[in-house]
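Chain naming follows the written order as A, B and C, and within any one chain the residues start at number 1.
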Amino acid sequence: MGIQSRKKMERLADIFSFSAVVLLALLVLFPLWWMFRSSLMTNPEIGSLRFFPSRWLVQNYPEALEVFEYFKYLGNTMSILIPCVVFGTITAILCGYSFARLYFRGRAFVFGLCIASLLLPSIVTLIPLYVGWVRFLGLGSTYWPLILPYLTGGGAFNIFLVRQFIMTIPKELDEAAKIDGAGSLRILVQILLPSIIPAVIVVALFIFIGVWNDVLLQTVYISNSEQYTIALGLRRFNGSYGTDWKLAMASTVLSILPGVLVYLVGQKYFVEGIVMTGLKS
Amino acid sequence: MKGIRNILALALAAVLLLSTLGLAAFANERVTITYSMWGDNEEVRVLQETIDKFEQEQDRIHVEIVQIDRADYVGTLNTRAVGNNLPDTGIMAEDAVLMWAEQGMLADVSNMYGEGEAKPLDSLAFTFDGKPVGYSVANEVLLLYYDRQAFVEAGVTPPPAKAEEAWDWDTFVDIAKQMTLDVNGNNAKSPDFDPNNIKRYGVMLCPDFWQLEVWSVSNGGAWYDAEGNVTIGEPAAMEALQRIADLYLVHHVAPQYGTNTATNVDQDLVNKSTAMYVNGQWSVGVWLGPAKNSDGLDYGVGVLPYMKDKVTLNTGGVNVAFATSKHPAEAMEWLKWYAREENAWGLIEGGIWMPVLSSYYTDEALTRKWVENPNFPPYDEYKTAVVDYAFNNAKPTSWYWVNNTNLFNDALSSILAPAWSGNTTVAEAITAHLDQLKAANQGN
Amino acid sequence: MAVTRVKPSAMARHEARLAKIYLIPAFLGLTFLTYLPLLSVFVLSLFKWTAIMPKPLYIGFNNYIRLFTKDMFFWTSMRVTIIYALLTVVGSVLYSLAVAMLLNRSIRGRGLFRAIFYVPYIIPAMAIYMIWGLLYNKDFGVINALLVQLGQPRAGFLIDSKYIIPSLALIAVWTSGNLIVIFLAGLGSVPRVYHEAAEIDGATFWKRFVHITLPFMSPIIFYNVLLSLIANMQVVVPSLIYAGSNRTTYPEYTFMSFLMYRTGFINNELSYASAISFVFFVLIGLFTLVLFKGSKNILFYESGGN
C-alpha cells in the first residue's frame, strides 16, 4: 500500500471515529435532555415524541417544590455530606501518610487487612452494623450511622489512594525536614500536603460521590420524613403520590444540580482522580 | 479501696432515689406520646388539627406526629424497633399487623373499650390469639370508578351504582370492549381494532397486589379458608385470576396487570387513558375529589362486576399501640379518642376514610352528614355504590385473620408475573408453586 | 537550637507510636466496621432472632437449610444477580473500551467528549433510576413512543420478565463513564513506538489491538472488571425503586442484596437475612477467586507470546 492511500485510509478512519463519537455522545446526553424537556411539559405531552415542549411550563418547578421539599432535603443531605467529606478526607490523609512513611511492626499486615477489605462487599456487613448502630449505640433516628463510618479514614480505598500518592514523593524531602527536627505532623502539613493536593481533592470528591449516590443506607437508617435527604425525597414520587411525571422530572432536575455544579468546578480533578485510581492500583 | 466503693455505692443510691422522687414529682405532668403515620403533608395538617382538638379537651397527654413515607413505612418501623425507638402508637400496614403481633410488638387492646362503650365494627378488628391487637382506623372498600363523560360520548350504560344491578363478568368484559379505543378510534369489538395501539383502555386495575383477592372471592373461591390455610390452588380462585390476566391477553381491554404502576386513579381518568378504574374508596379523597375541583374531572362510582357472588373487600389501616410504649394507658386513651368519627372528621369529610361505626351506614341523617359535600359524587350514587355496598357486600381482606400475608403476597406476585404476560397460565403457575405458597403462609 | 537530636532507635519508637495514633481511625474502621461485623454476620446467621426477640435462639445451620431447600426466592435471586452482573460488566467494559479507543485517536474536542461521557457517573443513583423509569415507561416512555411510531407493540421494559435484566444492565452501562476515562488514560500509556513499528510492518488494526493494546491494558481491564463485578453484584437500588412494596414482585428484581434487605428490614428476620448475607459473601469470594485464577493464565500467556 502506498503512503498516499494509507493517509487516505487514516483520514477516513478519523472521520468515522469522529462521527461515531459524536453520535454516542448525543446518545449519552439524550436521557438528560429528555428529563429536562419533560420537566417543562404537561403529563400527556411527556408521552409524545416531541423533542421540545410546545409551551415551556416553567411553573412545573414551583409546583414541584410544593410536594418535593427541595431545600429541606438539600440541607439534610449537606449535613451528612459535609462532615463526611471534611473528616473523611482528614483521616484518610493521616492514615495514608502513616502507611506510606511511618514504620511500625506489623505495618504490612495491617495494610494487607486494609487492602483485603476493598474486596469485601459492603452490603454483607449491613445487618450487624445496623444492629450495632441502632440497637447497641441507640443511634437509630440520627445521621451518625451515615457519618461516623467516614471518620475511619474515609474507607480503605481512599487511604490507599493517599498512600500511593505520598509514595511517589521522594523520601529525601521529608528526611531533610526530619533531621531539622520537624515533627511528623508538620512534615505532613507543610511539606507533603502541598504536593498531594490533587489526591486530597480526589479523595474529597470520591467521598462526595459516595454519599451523594447512596440510597440503601439512607433508606435503612433514616426513619422520619423530617430527616429525608434528596434521594429519599425523590423516592416519594414512586410511593404515595403515584408518578406525576412532570413534577417527578422537575424534582429530578433540581436534585442533580448540586452534583453537576461540583462536577463542573472539579472536573479536572475528577478525571485525574479516576485515572489515578484506575491505573495506579 | 473499700471506702471508695462504699462512697460510690452511696452516691449511686442517692442518685437513684432522687431520680425516682423526681419522676414521681413529674407523674402528674403532661405525658408526651408519639403517633406514627404515613401520608403527605396535607394529611399531616389534617391530623395536627385533630391533635390540637384532643389537647384542648384534656391537658395530660401531648401527641407528637412521626411522619414516615408509605413506601418505606414498615421498614422504618423495623429500624425503630431494633433501636428500641418505636413510637407509642401508630397506624400500621395491614399486612404486617399479625406478624408484629406474633412477635409480641403490639399491645393487646381488648381492654381499650369498656362494657357498653361504642366499639368499632367487629369486622374491623385484627385479632391474634383471640385477642384484638388493633382496629382499622377507617373502613375502605374496592370500587369501580369511571369517566362519566366517556360513557356518555360512547352511548354506553355506565357501571351500575347498585349491588343488585352489578354486571356479571361477561357483561363487564363486553362493556370494557366497547370502551377500549385504539388510535384510529376503533373499539375493541371492531374488526379493525389494533390492539398494539390502544389509546384508551376499557379498565385499569390498581397495582396494589392484595386487591386481586377480591376476584377470587367474587368467583366463589378464596385465598385462604377460615382457619387461614391456603386454598388458592382451588379452581375457582385460580380461574378468577386467569380472567384478570385475560383482560389483557385475550380481550385487550386492560393493560397487562401491574404495568400501570401509578396508583393515582385521577391521572389515568383525566388523561383519558382509561374509561374505568378499580381502586379503593380512599381514591375519592386522595385523588378524585381534588381532580374534580382542579381538572374538572367528572367521575362516577359504581359497584364491582361479579363472577359468582356480588362482593367487595374491606380493609383499613390499623391503629395500634406498640408493646414497648412506656405510657400504654395514655397511648390507648389517645387511640380511643381518635377512633371516634367526630375526631377524624377531617379525613372522613375529605373522602379519604369511611366511618367505622355502623350507625353511619344505617342512619340516613348520619350518612347525609358524611356524604353530602362537594368532595363526593352525587349522594344517590354514592349511597348505593359505596355506603350500602360496603355495609352489605363487603368481606374482610384476609389479613384480618391470616398471618404472613406479606410473605405470601410477595411469593404469589412473583409466581404470577409470567402469567400476566401470558408466558404461562395462572393455574400452571400456582399449581407448580403451591408448596412454596404454603411455606410462605407458614412464615418461611 | 533547643531541639535535642534523638537517637535513631528512639526516633523509630517515636515514629511507631505516632503511626499508631494516626492510624486509630483505620484500626477502628477495620475492626468495628469491617472484620468484626463480618464475623458477626456469620454468628448471627446461626440464630433465630427478630428485632424485638429479647434473646436470640441458637438454631445451628437451620437458616442455611431453609435458604437452600425452602426459600422460593433464593435460587432465582442467585441466578438473576449473576446474570445481571455478568451482563453489566461485559457490557460496560466493551462499551468503555470502544469509546476510549475512538477517543484515543486524535479527535477534536477530546476533552469535551471525555467530560460528556463521564457525566452519567456523577448523577445520583436515585435520579438515574427516575430518569430511566420515564424513558422505559410503557405509557409515557420515549422508547415505547418510538416503537408505536414504527408500528410495533409497546414493551414493558421494567415490568416484563423478558426485558427487566437487559434494561437494567443498559442503565448500568450508561453510567460507566468512569471506565472510559480510565481506559483512555491506559491507552495513552501504550508507547506510540509499538504502534508505529507495527504499522510499518503492515499490521492490521485488529492485529495491533490484540498484540499491543490488549496486553498493555490487561492489568487495567482486569482490575476494573474485578471492582465492577463486586459493585454490580451488590445491585439493589433499582429494586428499591422499581419493585415497590405491595406491588407485583417480578422475580427479576429479587437480587441477592434486595432479598437480604427485604428479609431483614421489611419482614424483620434479621438473622435469616444474615444467612443470606453470608452466602452472598461466599459467592462474591468465589467469583473473585475465579477471576484471579483466570487472570494469571491470561497474563502468563501474553508474556509468553511477546
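FYI, a residue touches a chain if its C-beta (ideal position, glycine included) is under 8 Å from a C-beta of that chain, and two chains touch if they have at least 3 such contacts.
Predicted, not measured: the structure shown is a model, and the values here were computed from it.
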{"item": "Topology of the chain contact graph, where touching chains are joined (line, ring, star, complete, other)", "value": "complete"}
{"item": "Selected pair, greater C-beta contact count between B-C and A-B", "value": "B-C"}
{"item": "Euclidean distance of C-alpha centroids - chain A vs chain C, Å", "value": "15"}
{"item": "Where chain B and chain C are represented by their mean Cα positions, the distance between them in whole Å", "value": "38"}
{"item": "Interface hub residues of chain B, defined as touching at least two other chains", "value": "71, 75, 79, 82, 261"}
{"item": "Residues of chain A engaged with two or more neighbouring chains", "value": "43, 130-131, 219-220, 235, 238-239, 243"}
{"item": "Of all residues in chain C, the ones touching two or more other chains", "value": "139, 244, 265, 270"}
{"item": "Chain B contact footprint on chain A (complex, rising order)", "value": "43-44, 67, 130-131, 134-135, 138-141, 219-226, 228, 232, 235-236, 238-244"}
{"item": "Chain A residues within the chain C interface of the complex", "value": "1, 13-14, 17-18, 20-21, 24-25, 28-29, 31-32, 34-35, 38, 43, 46-49, 91, 94-95, 97-99, 102-105, 107, 110, 113-114, 117, 119-132, 149, 151-153, 155-156, 159, 181, 184, 209, 212-216, 219-220, 230-231, 234-235, 237-239, 243, 245, 248-249, 252, 255-256, 259-260, 262-263, 267, 270-271, 274-275, 277-279, 281"}
{"item": "Interface residues, chain C side, partner chain B - complex", "value": "50-53, 66, 70-73, 76, 138-139, 148, 151-154, 156, 159-162, 244-251, 254, 262, 265-268, 270"}
{"item": "Chain A-touching residues of chain B, taken from the complex the two chains share", "value": "38-41, 66-72, 75-77, 79-80, 82-85, 261-264, 267, 271, 287"}
{"item": "Chain C-facing residues of chain B, complex", "value": "71, 74-75, 78-79, 81-82, 95, 99, 103-105, 195-197, 207-210, 255-261, 273, 323-324, 406-407, 409-411, 413-418, 420-421, 423, 433, 436, 439-440, 444"}
